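Letters are used for the chains, namely A, B, C and D, taken in the order the chains are written, and counting of residues starts over at 1 for each.
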């Protein structure tokens, strides 16, 4: 399954891009509306980009009333990315979304500002949300983590149904003329091809540590990149930064991925999942959706 | 001051490269000798490289007897990088090095395999070493850390005299023919230009959080890169991966750095340190060596 | 509907003062309305770069580019026969149904005006090209004025605002300080703003600015925004009553961290 | 002393079978001893690539390159007039003071042999070039044999080891399985091994292999290592009595994590 990475596509302004995907993931929705950070919010680096959008979103209440019906009208399979600043905030949003049939799954953005990324904290949030919804919960982890495998095990134990790997990692770029940070917030999240080896390592390690299905993301630019995330252990792949330059990427990457699978005599993405591991992994993640 | 990054230069096989530096840093020395990991140990990625050398080194006892006198004979200013698997191991090596006048400072590789990178753990190691030596202690931190500024504050409180930022971050690359990891250990440390925005962010955040001087490193390829690390808050710069392709890099980067300083009307590296910060920082790190 | 993205062949690369006029085959890409923009692939870079359409010769598109950084330099280095991906037209262009149009450009802000003049002239039938005033930093930059024959040109320290007569329907593009000055001086003027853009079609929220007290995406709401008021003193219907201040953090909400 | 690194101009790029013979001006770089190697800058890549010297025409250096991946492909794409940094000569080459030299090459392993033959011939005075046997995968690959006139050539399924007479002083270069076979068959043979190399001068420990039960750096201790024994059955003085097995994890120490 090919999805978009949360925050990298607005299905309402670009429905035809969203329709190329197997499933659309919303930008992270927080309890209160957020305008986001002041400009400058984006900058380019060597084979990557930095962003400090700052979770601009209408807030969960308005999202439920205004955005969700519009998104549902597009007929897309829909995941909602949920953010917050405490386990209770996450759980409240999950509870509000639980009753909405148009929402297929919830992705918890556990790499949110001001939210501690320690394994217990992520697990606490997942546990609180688990109690609030019966929908599948995908835990999105940050690669800025000495032992991401431990986090994966912790959120699995807390009741997550899947992992989304990875969010951006903190980076900084200076303006060559002023020597000041390009971004207003100074540091921002690094995405794009620069993130790919880091994402591959995270997926590889989490697949060893946990039986959960994984949405792999980070610098996917081609079908080969998608194939490699699958090989490292992902069961699905999400496209982020590539969408900015190439709104046709979902169709292109899907075609390239099919060709790459065929080259290795594999029938479907599932057959490629985990093949980079030395020995057959002892488990097969559940298909989940 | 321009140094080499630990593990990226052997002064004994390339003394003329080491002599271009202001100060030579040894490869990390552990209590027991280590052969390192099986091949393949290195691989290239987009604008970066992965390594899983595995801390190959002769062990502290043989290092003191064999390597240290040879290094001293080269007449270099010398830092020794110390590794271990517990605070006691680090402290024991520091105590052994404390009495050696040819060693100017100790860099603690706190991003070592099997050593928890949690803030307390790094601080515990620093505290143990602080009790074992009067030599300056530089704490080398990993960027795989949700809150590196907290780690910086913790090691400062524990008695570190400086920070070395950053070590490599975990990455993975697959062989395009076999779809298996290129490295024998599967994952390895990502270094080179891909690490630069991550290193800049770490230096920037730690400079805000702590008054310690900082050796900045991560993808320095040019005098401009060195300048940017200084601007972000480093007081010194270390060269790593660039040395592999260009053993003349210390001389070249130093010359380019002088030109870059001149372009902005600055006299010495110190004048550039921290200029990327919006407001004059309230402290000036001590010169320390 | 997201606009068309196509791989277009470069057909020309000419120097115009310090700028480069890059011509491409048009393929199936529509030139769109004057003031709309395109995202041009920048070879070797991760993100494309937004560019106004400068000219639309038969079967071609032409962009005027100031090589200020790595992306624009990579685009300006393209030679005839090379190919690049082009996405567009994007955003909202100038409203052209105005009685007394005056084109106002500053520096590389001249870029969208030649195509604007051409379309206005075509609409006006025999009544010729609309008047235009242009300001430049140096005589070298002012060489770009050849692209807008008949325009009145000034060079710093004279500012282009000194050349704008009253009660005209201003269509302006230029650096932010110039646009701020035009907005203050010319009620109801249509101003083409800039912001850093990663996508150009509403996906990234990188181009957000404050419009009407709300954070909006310039690529979707703009890049052309109408200043409050009208040349006659009335309020232009349907136009935002507060103009944006891209890049001015004091107008933006309280900072938070990361995305 | 680290060897010289210089920016050299490419003077030629010729196809030889599936390989590329890249010629550069020599500058101040010494050709060194046959079997030594150079680190060639690979345009657009982070790390340079190790290459044996293939030929040393007056004022030039020439490398024979198999474009197997991004680095070698980038080097093979260089054209006359381009420039690249070259560091070397590095490592230990072949000992040439042997009474009955026989050159043995497999595939791209032919690379160091033409220069080796030339130097041996010069040392031998009028007694001509040393004998050589070469094995290749296909007839196309075998076209590279033109670089070593007079060599006996075989193509798979015949293996080059079938062509090696007894009691010769073998100087061999080729893929690992070939070198293992030669080592088993020819006591005292000098074998040029390969390992991934980031630096070529002892800085990175990336090329480590097991030699004499110890982990050593192939770039410093090799790439040429002498197999145990001697063609006559005696033990060659000063040569390692155990040959390395690069890339064979079973000989390497227990795995640990990261650097």
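Here is the rule we go by: a residue touches a chain if its C-beta (ideal position, glycine included) is under 8 Å from a C-beta of that chain, and two chains touch if they have at least 3 such contacts.
Just so you know, these numbers come straight off a predicted model, no measurement behind them.
The chains that touch subunit C as well as subunit D do not exist here; no chain meets both.
Comparing the CA-atom centres of all chains against that of subunit B, the greatest distance is found for C. Subunit A and subunit C have Cα centroids lying 34 Å from one another.
Subunit A and subunit D have centres, each the mean of its CA atoms, that are 47 Å apart. Distance from the subunit A centre to the subunit B centre is 32 Å, each centre being the mean of its Cα atoms. Within subunit A, the positions touching two or more other chains are listed as 45, 47-48, 170, 187, 193.
Residues of subunit C found to touch two or more other chains are absent. Taken as a contact graph, the chains are arranged in an open line, each linked only to its neighbours along the path.
Those chain pairs judged to touch are A-B, A-C, B-D.
The touching residues of subunit A, counted against subunit B in their complex, run 45-48, 50, 116-118, 142-147, 169-174, 176, 179-181, 186-187, 190, 193-194, 196-198, 200-202, 204-205, 224, 227-228, 231-232, 264, 272, 275-276, 278. By the touch rule above, subunit B contacts subunit D in their complex via residues 7-10, 12-17, 27, 34-45, 47-49, 51-56, 113-114, 168, 170, 184-185, 187-189, 192-193, 241, 243-248. Per the touch definition, subunit D reaches subunit B in the complex via residues 1-2, 5, 39, 41, 45-48, 70-71, 85, 87, 195-199, 201-206, 208-209, 214-215, 217, 220, 246-247, 249, 252-253, 255-259.
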